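Two complexes follow with subunit A in common, the first pairing it with subunit B and the second with subunit C.
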Partner chain A sequence: MAGCVIGIDIGSASSKGVVFCDQKILGSYVIPSGGNYKLTADKVREELLSRTGLSLRDIVYTVATGYSAKAVTFADDLRTDISCHSKGAFYCFPSARTVVDVGDLHSKVFRIDDKGGQLKFLLSGKCAGGSARVLKVIARVLQLKVEELGALSLKSRKRVDFNTGCAVFAESEAVGRIAEGVAKEDLLAGIHRALAAQLYSLAERVGIKEDFALVGGGARDAGLIKAMEEITNLDIFVPAEPHLTAALGAAIIAEEISNA
Partner chain B sequence: MNEKNSDIFSRIESYYSDYGQRAKELKNEGKKIIGYVCSFIPLEIITAAGCVPFRMRGDIHEPITKGNINLETIACPFYRSCFDLSVKGRYDFLDGSIVAHACDSMARTYAVWKYTLDLPYSHFVNLPHTLSKSSMEFFNEELNTFRKSLGGFAGKEISDDDLAEAIGLYNENRDKVKALYELRKPDPPIISGTELTKILTVGASLPVAEANQLFDEVLEELGKRKESPLKKVRRIMIDGACVDNIELVKLIEDLGGNVVIDTLCNGTRDNLPHTDIGGDPVSALADRYLNKINCPRTYRENKEQDLHKDLESRFGDIGFYAREFKADGAILYVYKYCDPFGFEVPARKAYFDSIKLPLLYLEDEYSAGTIGQLKTRIQAFLEMLG
Partner chain C sequence: MAEEKKKHKKRRTATEAAASIGPMVKEFISGTLRAKEEGRKVAFTFIVCLYDEILRAMDILPVWTENFAGICGAKRDAERFLERSESLGLSRSLCTYALCGIGFDQWREELGEMPPDAPWGGQVRPDMMLSSGQILCDPRNKWYQASQLYMPDVPVYNIDLPYPLYEDDVEFTDVRDYYVKHIIEELRGLVAFLEKQTGTKMDYDRLSETVDLGERTWNLIWETYDLRRAVPTPMGTGDAMNTMVPMCFMMGTQEAYDFFLGLNKELKEKVARKEGVVEDEKYRLLWGGGLPSWFALSDFNYFNSKGAVFPAETTYRMIESMYQIYMPDTNDPIERLAWRWFGYWVFWHNKARKRPGSHPDVEWLIQYIEDYKIDGIVMHEAFSCRTWHLGLIWQLNQLAKIYKPIPVLVLGKDGKKEKTNRELPSLVLESDIIDITTYSEVDTRNRIDAFIETLESVAKSKVH
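Right, the complex of A and B next:
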C-alpha cells in the first residue's frame, strides 16, 4: 500500500472524517462538533485509526476543511469546503455537473466540469435561510428527532404552504400552524418544500446542468430529496452517506497532493 | 526602508487612520471645507471657488446607529455609514455638503442630510440619467447654477480662468494616478492593492495641489523599489461601487491574491478620466462627469439592439482594464440595497462570462463583521483559480 490519507471536515454542527487508500474509502467517523474543535479533531483521527486498524505511520497526508478547519492542528493542508464538496460529489457521481450542499450553517451550490474541476459556486446568505438548520428548528418544535422528519414528511397528503425558508420565521410560522391543528406530516412537507424552493433558486442562479447531486447533512432527509425532485423536475442523485462528501473530498485532495 | 520612505508612508498611514486631519487644519486656517460622497461631484468647481473638496468616507468598524433614525435600511449601508458618521460628529469641520442625483439613496435623502446636518451650505446637483443632447445641455446649465451658487457662498465669482486652472490641476492628478496604476502592471506588481487603496483614499481628503505633491512623493519613493515586495500569485480585479475601507482588498491579498486593477468609484471610475481642455470649461466638465464616468446610474442607450454589443458598450472598460492589467479573475462586490449596481448584477455577470473572466459575486453589508463570511468565499475562489 502506497499509504493512506485522511480528510477531516469540522462542520458547525458535526465533524466527519474519512480514511482513503488507493482511491477507496477505508473507513469513516462522525461526531457532533461540540465546543472544543481541537479535541474533536483529535478524537476523529483517533477513532478513524482504530476503526481501520491503521497507525499514524500509515497516514501520509491529511487535509482539513469545514467551518473550523484551523482547529485540525495536525493537518498538512487546509482547503475550503467548497473545493472539497465538489471533489467528493464528483467522486460519487462522475456525471454530476450541479451539486447542492445542504449544510447546517450554509447551503452552497457548485457547477463542476467533466473532470470535476469547479466552474462556479454560490453560497446562501449569512442568515440561516436555506440551510439545514431549519430542519433542526422544526424537529424541536414538533418534538421529533431530526432523523424522523423525512419518513413522516413523505406521508403527507395535504402539504401546508410555508412562506419562508428562514429558520427563525419558520419557527413562529410553524407554531401558528400547530395551533391551527395542522398535521405534523403536512407541516413538515411544507417546510421541506420551502427549503427546496430556496435551494432550487440558489442553484438556478449559477445555472443548473444535469446531473444534479444533493450532498451534505441535509441530504439525509428523504422529505427534502422528494421536495427537490418535485420542484426541479429532475432526478436527484444522493450519495449513500451525503454528510461525508466534504471529508471525502478533502481526502481525495490529500491523495492527489501525496501522489504529486 | 530609508528615512524618507518611512516618512511618506507613515504620513499616508496617519492621514488614512485619522481621516480628515488635514481638512481640520485647513478649516482652522479659514478654508471652507465642502464634503461630498460620490464621483459625480465636479471637484474642479469647488476648487475653483477656493474651497477644499473633501470625500466623506464611511467606517465599516463603526456600527450604524444614530444614522438609522433618519435613514431606513432601504438606503445603501455605505451611504448610511457616511451619514451616521456625520450625525455623530466625525465630519463636524465641514462647511457644506454637495449631493448629486446619482443613485436613489442619494437623491431621495438629500433633504435628510440638509436638515439633519444643517451645514452653512448645501447643494443638490441635478445630474441627468441619459447621455442625450438635451441631457448634456441640461447638465451644462445645472453646472452653471452650481457654479453661481457656490461662488455666492464662497464670496467669489468663479471665472473661466479659475475653472481652467482647476481642470489643469485635476488632470495632472489623474496623470499621477495613472502612473501609480502603471506600477500594478508588472507581475508581481510593484505596489499592492492595499497600499494603493490607502493612497487614493488619502488623496481624496486633501486639496488637489497637496494630493498632487503627495502622489509625486509616493511615485518617487516607489521608483526606488527595484524589486516587488509581493509574490507572483493570481491577479485579481475588483468591480463595484465605492470600496473606501482597505479591509476587502487586504483580505484578498492576505489570502494570497494580488489586487491589480479595479473598476471602482474611488479607483479607475473616478480617478482616470480627464477633462478636455481648450474649449468652454463648463461644457468640458459636463462631458467629463456625465459621459466619461461609467457608472450604472447612467443609462447608456444601445443603438445596435443586440445584447452582446449592448454589454460591450456598457462594460467595455471592464474588459479593457482586465486585459491591460492581465487579471486572472474578478470579484464583483456590491453593497446590499445599492440600486444602480443591484439591478445590473445579471448583466455584469453576463459580460464577465462573455470575456471568459472567472467571477466571484459578493453582496455585502458595509460592516467589518462580515469579513469572515467573505473570507470563505474568496478563499474558495482563489482555490478555484488554482
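Right, the complex of A and C next:
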C-alpha cells in the first residue's frame, strides 16, 4: 500500500470525511458544519485519524470538496462536489447512468457514462425548492426529527397532494393541512411526492438513463426513495451511506492523483 | 444596495473597442435627453425590429428600452424599478426588461421628472412607441401597451414582422414572396405613421443611403467577428456583449460602421501579434444561447481565469454576410430591408434541411463548433425571458444525438485503456437578465468549476 488518502466534503449543513486505502473505505466521520469551517475540517481529519488508527504520515493526499472546500487549508487539491458525487456514485454503482444528489442547499442531477465519465449535470435553482431543505422545514412544522420522516411517511394511506415545490409555500400549505386535521404521515407522503416530482423533472432535463441512483443526505429518507420509485417507475439505487458520496468521490480522486 | 453598487467593479475587457462602449452608451442616452429638450422626435424601440434605418433616415432618435433596462441591471440598480412594477400588479415572472422599463416610466410619469438617481440620467419620455408583433418575443407586443397606461397620450404603432418557422419538409420558395410582400406592406405602414407623427415626408434617397450603409456594416461585422476564429482568439463573448451596442442600437449610422472598422483593425493587429484574451488559452467555448446576466458579466472573466475563452456566441450575432443572403435586383430600400429580414431568418433553414434530425438553431451551433474549434458549449437560461430561453436544453440534447462525439481513451475495468466516446461538454447557467435576486455567484462559479473539470478530463483523454 502506497498510503491512504482522505476525501473531505464541507457541506452547507454537515461535513463528511472518508479515509480510503487501496480502493476501500477504511473509515468515515460526519459532523454538523457549524459556523467555523476551518475548525470543522480540522476536527473531521482528527477524528478520521483517530477512528482508523492512522497518523498524518500515513495520509499521502487529501482532496476537499463542498461549498466550503476552500476552508480545508490542509487539502492538497480541491474538486467540485459535482465531480466528486459522480465519482462516488459510480464507485458504489458502476451500472448507474443517472445520479441525483439530494443536498441541503441544492439538488443536482448527473448523467455518467459506462466508464464513470461525467456527461452532463444540472442543479436545482437558487431557492430551497427541490433540495432536502424542504424536509427540514416540514420536520420543524411537525415537530419531528428529520430522521423520523421517512418511516412515518411510509405508513401513509391517503397521501395529500401539495400544490407547490417551494419550501416557503410548502410550509404554509402544511400548516393549513394540519389545521384541516390531515394525518402527519399523509402530509409527509405528499411532501415526499412533491420533492420527488421536482427531482424527476430535473432528471428528465438531462435525460434519464438506467440505472438511477439517489445520493446525498436526502437519500437517507425512505419516504423520498419510495416516492422516487413511484414517480420514475424504476428501481432506485441508494448507497448504504448516501451522505458520504461526495467525500468518497473526493477520496477516490485523491487516490487517482496520488497513484498517477 | 447603494453600497453594493459602489463595490461593483467595472469589468475588464480584452479589446480597447469594447472598453469604449460604456461612454458611447452613456452618450446616446444623454443624446435622447438633449434631443427631447431640442424638440426632436424620440421613439421607444426594440432591437431586431428592422426599423433602425427607417428611423435614422427620418431623424427620429430611437430609445432602446431593452438597452436601458440592461443598463439598470449592469449597474445593479434594477431592483427598485422591478419592485415598482410588481406594486402595479405585474408579476415578477414576466420579462424583467419590460418590468424594469414600465416601473421606471410609471415612476417618471408620477413624479413629472426623472426618478431619483436615475441611471445615466434616465429614460426619456417618448413621442411615440414602436412595438412589434414579432413572434420571437411576446413582450414586444405587450410592453408598450402596458406603458401606455401611464402615458396615454403617446401613440403606439405595432408592426408585424413574421419569420418563417422551420419545417424540415417545407421549402420556403413557395411562400417566400407572400412573407416578403407582407413585411413590405408593414414597413410602408410604419413609414406612413412616422410621416404623420413628424409632419415630414420620407426622403427615399436618404433611406437608400442608410440601408446601403447598414448592409455594408453587416458585412464589416461579419468579417470582423470572423477574425475571432484565430487561435488564440483575440476577443471573447464578454467583449461581444459590449460590441453588440453599435450592432443592435446604431445600425445605419456612420458611427457604427466606424466602430467596427476600428475593432477590425484592432483584432487584426492582435491576431498578427498572437495576442489572445488570455495568455494560456486552454478551452474554446461557444456561448450557445441565452441573453447574459447583465449584472454578472464578470463571470466571463472568471471563465478566462481558468484558461477558457469564448471565440463565438449565437447571442447578439444578429447579422450574416450579405453575400450569403439572397437579395433580388431591387433599388427600393424598403424592399431591400424586407428581403434582408427574410434572408436572415431562413439562412440556417437550408443548412438544417440537409442534416436529418437537425434544426436551424442546432445547425448554427454545429457551424460555430467547427468554424471556431469549440471544446464546449455554455448556455444561460434566464427565467424571465421565455422566448429566447425555451428550448436551449432541447438544442443540446438534439446536438448530442446528431453531432459527432469526441473519441476518448479511458481506463477500463482490467486497468487497460479503452476507446469510448464523449458528448461535447455543455453547461447551462440559470439566473436572469437583470433580476439579481435570482443569482448566486457562489453557485454559478461552482458550476463553472465543475464544467472546467469536465473539459479538463475530456482534454486529457481525447484521442488525437
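As a working rule, the second predicted complex is superposed on the first by the 260 of 260 C-alpha atoms of A that agree within 3 Å, B and C clash if a C-alpha of one lies under 4 Å from a C-alpha of the other, contacts with A are read in each partner's own complex, and residues count from 1 in each chain.
Following the convention adopted for this analysis, a residue touches a chain if its C-beta (ideal position, glycine included) is under 8 Å from a C-beta of that chain, and two chains touch if they have at least 3 such contacts.
What you see is a predicted model, and the numbers here were worked out from it, not measured in a lab.
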Checklist entry - After the match on subunit A, would you call subunit B and subunit C a fit or a clash? => result clash
Next on the checklist: Taking the superposition on A as described, I'd like to know which of subunit B and subunit C A:I178 touches: first, second, both or neither.
Outcome noted: neither
Next on the checklist: One more residue to check, A:A139. First (subunit B), second (subunit C), both or neither?
Outcome noted: neither
Checklist entry - Comparing subunit C with subunit B, which touches more residues belonging to subunit A? => result C
Checklist entry - Counting only touches as set out at the top, which of subunit B and subunit C does A:D113 meet: first, second, both, neither? => result second
Next on the checklist: One more residue to check, A:I82. First (subunit B), second (subunit C), both or neither?
Outcome noted: both
Item to check | Residues on subunit A lying within both footprints (that of subunit B and that of subunit C) | outcome: 79-83, 118, 121-123, 125-126
Item to check | Touching residues on subunit A, where the partner in the complex is subunit B | outcome: 79-83, 118, 121-123, 125-126
Checklist entry - Contact residues on subunit A for subunit C in the complex? => result 67, 79-83, 106, 113-123, 125-126, 205, 207
Checklist outcome for this item: The subunit C residues in contact with subunit A across the complex are 393, 396-397, 408, 410-412, 418, 420, 422-423, 426, 428, 430-431, 438-440, 442-443, 446-447, 449-450, 453-454, 457
Checklist entry - Along subunit B, where are the residues that touch subunit A in the complex? => result 361, 363, 370, 373, 376-377, 379-381, 383-384
